[in-house]
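Both complexes shown next keep subunit A, but they swap its partner, so subunit B is in the first and subunit C is in the second.
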Partner chain A sequence: MSVESVDESKTFDVAIAGAGLAGALIAHRLSRAGLDVLLIDAGDRPYFDPATGEDLRQPLLDRFFTNPVKMTNSAFPDLAYAPSPSETTLNKYFVQKGSLPFQSTYSRMVGGTTYHWLGTALRYVPNTFQEKTVYGRGADWPLTYNDLEDWYWEAEKAIGVAGNSDVDLGAPRKAGQPYPMPEILPTYNDQKVAAATRGLTFEGMPVAFNSTPQARNSIPYQGRPPCAGSANCIPICPIQAKYDASVHIKWAMNPSLDEGATIDSKAVTPLFSAVLQKVLVDDRNRIIGLSIKRPDRSELTVSARLYVLAMHAMEIPKVLLWSATETLPHGVANSSGVVGRYLMDHDVKITYARLPEPYYVFRGPLSSSGCESLRDGPFRKDRSGFRIELQNTGTSWATGSPFSNVVDLVNRGYTGKKLRDQLAWDVSTQIELNGLLEPEPNYDNCIKPSQTLFDPLGLPRPEIRYSISDYSYAGAKAFVEAAKTIYARLGATGFSEVPGWFGAGHVMGTTRMGHDPNTSCCDSYGRTHDHPNLFITGSGLFPTVDSANPTLTITAVALRTAQHIVDSFNEAPEPSHHQ
Partner chain B sequence: MLLDATHLPEAAARAFFRIILENTPTYYAPGDRYVEGPIDGVDPHPFDVLWEVFSQLEEESTEDLETRFNATLAADVSLSILARNIIIVWYNGYLGNNMPPAEVYASALVWQVIRANPPGIPGPYYGEWAYPPSDPILPPGHTPQKDQHLEHERRKRR
Partner chain C sequence: MRMQTQVKSHPALIRRLALASELEHGLCLQYLFTAFSLKASLDEDGLTMEEFTYVRKWKANLLLIGAQEMLHLAQAANLSASIGAGLNLRRPNFPQRPSYYPTDLPWGLWPFSKETIILYALYERPSEFKSPRPDWFPSDPYREGTLASLLADAPTTKDPFNYLPSEFARPQASRYITIEELYREIAEGFRRIPGEIIVGPSEAQVSGEMVDMPQLMQVFDREEALNAIKLIIDQGEGCPSDRVDSHFGLFVSMYAEYTRLKTQRPEFEPARDVQSNPLSRLHPDNTYPGWRIIKDRFTRRVNDLNNGIYALMLQMLGRVFHGVSESEESRKRLAGICMRMMTGLIVPLGEKLTQLPMGDDPSDGNQRRAKFAGPSFEMQFTQPDLPFARAAWHYYHEQLIRLEETAAELALERGATDTLAAAARTLHQLAELTTYNGGTSEKSS
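Entry: the complex of A and B
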């Protein structure tokens, strides 16, 4: 379990704030290399037994079963001292100042948002890394796809991605670097849609539905079972067929559970129920400590030779800005002024329709197929790309199916067999296609620590200004047209577009990487330009994105960063990108 | 009968019954409007009235019991709400914000009806989703065709 406290006079090798995906991966890699690591998280407990590795998620499932609202965080405790945003109480934590509310959530707990993520594990396409050069949009990464290609494969092995290596989804794969697991068997729904859309094109591009590469076991992997079709990826997989970061936290806390542990492996020191409030800097711009606050409002300062911030793209900039001092009036690591800026999400447009026959719903993962073939192309000069996510859960997001269907039919006087038959038909003939729109990074979309509204620990709530660009609006129009052609192929009727936008849960851009310290916060490893012993991780690093979910890229970048940190401790020359 | 189901699990029945009772509309009783709830021992409880109505109709052995029952209920604001709540709580497994204990989550009828796994309950097995369910869902009102081949075989054997 967590240690109660930490000796404030001790200097660890590395202190990692945040035990989510990036923090867990880096903690694990550093612990394997024998470094003395402190792993800090706001969460109060791990949901596994560190001594035996036994998974202990039943309390999370019970919370989900008894929660009247079945949204992303419905399985997870909302810690009073470290509130998480939620769809139902967005304004309890987020302070929304923009023209549109920012709708995405995350979970502040040991293991982070990977507990509730869908599991989609796509690579960004090569043009995205040079979107400015190629399309005149966004910004170039200080990395090319080639630099990251081997790390993408390491990422796929680290979190266990199931996919079909022979299918081109726009991001090239090297021969000899297959997905670690075969693709998840497509659902009946997937197969019907793929068959019906064969040969379909949109604006001259193929509309191709394929099995989505996903961090979901199709065979036993990492001691976890294959997917059994529990239909609950979001908010929580009951059997851990879907990867969550507890896999790596477990191994980092107890190397005897890690088959890949080496003789050097050194267990990390976990410090939970610990909220990072400030990053402390000396007059030579070196980070000298992390000021931590506990639920009882006591404080302590921990120190290390090197620091890694892994608390999520919303909390990291909040803390960096809140850590401003007289000598650093713009905040830590923010001489560029970009910290907290260029906040992005994948804005989601929901459409749905009625099929002429059942494709059956709530079977298999929440989504196991999608269209990746409309994400990239010359059109990105003028409008955003999008990916299309085919839902296996009917119109649950669009209309609250199946519960809303029950209430509707009962209120219309259906009972008995008539009710049963109509309900079965109405729900099983639902189809929902969601468009994830590529955002355009906008300096004015930002997060800052509120100066007036604070959480129960006295720390500032995130104040967010958010809007959606014309670039994405234009992309959404195209998505709706594409969706209509797909529905037409399926013989579907009753086309509906849900008004407004939804969040995909992808918080990106707020601590962008780049070559130039005047316009970026850190380099391609996440090492901040201003403070050589401070690293940042996560999707906040991404200067621009395409419409793919960010998690696999977070993983690849984090693994590359971990190697860089290990190498810097070994004083090795700059490593090649092969591990 | 209203649920078109038999052998309903008892634990679920208890949990759902509790929710129904806590949510029984009591502002209106048959024929009258009450500003406060019914007085115990004096005013009839809507649930008892519902049962009486049903028993009465069943005794009369009317052919289409369900239709007559629904028609009787439709005329009564309080009883129709009560009946709807019963159906909704059995199908959805909850009513409004009233949640039963976790153990009865999977008893909600809606999942069986749509041939689905209750989300969060460990699913059947890997790949079960690749084929339509063994008992397909037909359009409402559709009577399944008799299996012509089986009929022929049966006739041959006579």
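Entry: the complex of A and C
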């Protein structure tokens, strides 16, 4: 049901560009409210049957199985007309101009990068929303944790989070708002580390390993099965036990599949194989259309009363800046000059060691517990906080285990039973602790459209300037010390720190929200200060972040935005009333 | 039409909970057997990669539903404990006549098939259909041949009591109620029985942490009892509506996926050629046909080993729930051992049994019979009673060693050697964990 074209003379209620997490959620909520929605995506097709809702991810699985390089994007199409930056093609798309290469990847497909996210669904701690006020760094959000608390719960229900509601992870939960699913049972590895570190402290703070809330089913949910421990969340869950945005896209496209559909529900109109090239603005600063390019280089313009940009946080600023005109020389929604600025990622430090006894990794999801107790505290005045992710896949990220272990042992002359026994020991006694570092928003870290390098459709490639601040370096140093403390408690030896930094795939901050139109590009709902009928959503809105993975916050903010849009239509049905 | 009953007394509530435990226990084993019959590798013929992904999902769902039946059994145990009763872990051997239980449906161990999915959907059917009733869903499983299809591979389907007039009551666990009514009655009992009914020792309640079941609730008042029953109803039995994530919803999806794949490629065979209701031997309660005796000596011995492990696990599980004289740590250790027996022994041996031969069958109609066996989960009529901690732990230890020796001996024979050698190692480790280290109230001498 991929619509090849749409009637250019038609005016939709809302046009949403980007069918990833935020776009799918907003499209679904608006469709339930009976709005006439156009959903645009660069991806060439959905991986489900819109008529029956049946999941059709087999081509993705086949692509992964047959791909010799098993990396984050290896299950997904790299479209000729809309390239996706992957580990091996990063710099065919990114134009790196900074002191450090930007390393995170994403997928341009229907469903977006949710197909290969890890599934971690943490809330940010309250102080993160008021970091400037509390710690004197970064910026305050235009909303507080209290404003978002109920939306966090809605988010947990929307994407299906499994967790233990009794455990304090630093973000309070209201009574009567439990996770919709019980926690995924901790692996043996999780249990051993949690037990061994009980009572351990670091800089006066407890080192507590707990089950990570994760958008991965522990019981059937939304018609999806519980996690079967395929240990393949990245690049793709073979059975869709992990949430991906196709859940909400299919409900939006076909409300008869949606158990929560209302009598008002109206199917969204999909427009796939459609790359947004420019946002068109009239002389009253109203958005009047989206200019789309198709794989055959043909162009069309779609119109709506209200527009939502829900693409990746790297793509939205690129398009806004590329949409500059004579009257808007700095780009659309950019009178503040912050569009494309403050690019952030969770820079990752990887450490590993050798345990004195087997913890039997490579069972369960890639990671099912972590330490959240070192994310927040007065130290954030001076250094970044971090969360520690305990890997269930041994040193897979650090060393390429278990394949590298086989190669290593064979090279050292091991064969037969001796090889098998040593391999079993080496793999079973691995432990890897990764630190996700809180980044400091830095104006000079930025993305803008390249003026000289273009993709196959003739659209500019993202030109990136990226560096890591002293704040994060100080945080990384603390993380390494914490990791050493933990390894010592476990009796682990042979500590190693992988040199350099890794990207977490968490691109954030490039269209920051705020109260002040001079220092932010949109308000707390993502409505741009400059253009009342243009909304932005996704992690680009975040003015600061903590070290928690951003997806649950993207979800909560997007759901809040969706409700705001519905309310706006209810209260002011005519476009002119939005001003 | 069935007669409505009311639970008006404390003893009646205890009896209803005992029946609920028996049903959950039996359903759990049926789902496990069906899951084990599914192919586990592309090396087994008859599957494409896409089909294999579905088969893996069905197996995961069946195991999940089986695990949720275990949760319901544990929940029934806490409900029983709250009113002062223990956990009923007894049940009759498979197969039983459909009328034995109030479900009035075939009761046995069945390999995966279209008919099996239909049967399970019938077990888990809701009292009301929110979405249209599936067109394949039978209103009368007998008239529409589900029972006949399920028993197609049985050597005999002749009921030995057929010659008796109908006024001779057949074996029956309960006379009046369906599963849905059963739980509603239990809830009504907790709601309405006058006087003090929460009289059980609080230490008999098992926490979710003790048995690795996060959703398990402890029951200390009537309201908590009703919440616990609601969880069971929501997840499956007597589900008030046909939610997509209920057991019923899962079987509806499974049916749709199976029929689509089968239509797409008629050669698609997700399950091994597994015999329904295999038995090592007959038992006093095998009063209904549908069984077939395993003739292959090696298979029978592996099945006996698995039966021995299963029986011992039930003994230990009883102590987890009843062992109030044990320390918390001892009960938790015992629960951990039970969990390992399920996942580290019963699952791999059950899987292996569905790949071991039933043995020669020269009887008439043998071409209809299946090639492979499966775990029969047989219960011996005579069971020891072990109320005293020291003797009980000693018994567990000795039994684990005896089972280890059997597994090690079988590992030296043809076939299944890896599984049996691993089972022997696991049994050895578990035996080491069963050294008695004292309870809280019973002095060791």
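Throughout what follows, the second predicted complex is superposed on the first by the 571 of 579 C-alpha atoms of A that agree within 3 Å, B and C clash if a C-alpha of one lies under 4 Å from a C-alpha of the other, contacts with A are read in each partner's own complex, and residues count from 1 in each chain.
Here is the rule we use: a residue touches a chain if its C-beta (ideal position, glycine included) is under 8 Å from a C-beta of that chain, and two chains touch if they have at least 3 such contacts.
If you're wondering where the values come from, they're calculated on a predicted model, not measured in any experiment.
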Next item on the list: Report clash or fit for the pair subunit B and subunit C bound to subunit A in the combined superposed model.
Entry: fit
Check: Touch check for A:Asp7: first (subunit B), second (subunit C), both, or neither?
Finding: neither
Check: Is A:Pro358 touching the first partner subunit B, the second partner subunit C, both, or neither of them?
Finding: first
Notebook entry, point to check: Of the partners subunit B and subunit C, which touch A:Asn232 in the superposed model: first, second, both, neither?
Noted result: first
Note to self: Applying the document's definition of touch, where does A:Glu259 land relative to subunit B and subunit C: first, second, both, or neither?
What the structure shows: second
Next item on the list: May I ask for the angle at the C-alpha centre of subunit A between those of subunit B and subunit C, rounded to a multiple of 10 degrees?
Entry: 60
Margin query: On the A-aligned overlay, A:Leu185 touches which partner chain: subunit B = first, subunit C = second, or both, or neither?
Written below: both
Margin query: Touch test for A:Glu481: subunit B only (first), subunit C only (second), both, or neither?
Written below: neither
Note to self: I'd like to know which partner A:Gln222 touches here: subunit B for first, subunit C for second, both or neither.
What the structure shows: second
Next item on the list: Decide which partner touches more residues of subunit A, taking subunit B and subunit C as the two options.
Entry: B
Notebook entry, point to check: Is A:Asn164 touching the first partner subunit B, the second partner subunit C, both, or neither of them?
Noted result: second
Note to self: Quick one: is A:Leu61 in contact with subunit B, with subunit C, with both, or with neither? Answer first, second, both or neither.
What the structure shows: both
Item checked: Shortest span in Å between Cα atoms of subunit B and of subunit C, once chain A is used as the common reference -> 5
Item checked: Common interface positions of subunit A, toward subunit B and toward subunit C -> 61-62, 65, 185, 218, 226, 228, 238-239
Notebook entry, point to check: For subunit C, which residues count as touching subunit A in their complex?
Noted result: 49-50, 53, 56-57, 60-61, 64, 68, 212, 214-215, 235, 243-246, 249-250, 253, 257, 260
Note to self: Please output the residues of subunit A touching subunit B within their complex, sorted ascending.
What the structure shows: 61-62, 64-68, 70, 185-188, 191, 218, 226-232, 236, 238-239, 358, 360-364, 392-393, 402-403, 406-407, 410-411, 413, 415-425, 427-428
Item checked: In the complex with subunit A, residue positions of subunit B that touch it -> 1-4, 66, 70, 74, 83-84, 87-88, 91-92, 94, 96-102, 105, 110-111, 113-133, 136-141
Next item on the list: Under the touch definition given earlier, write down the residues of subunit A that touch subunit C in their complex.
Entry: 54, 58, 61-62, 65, 164, 182-183, 185, 218-223, 225-226, 228, 238-239, 259
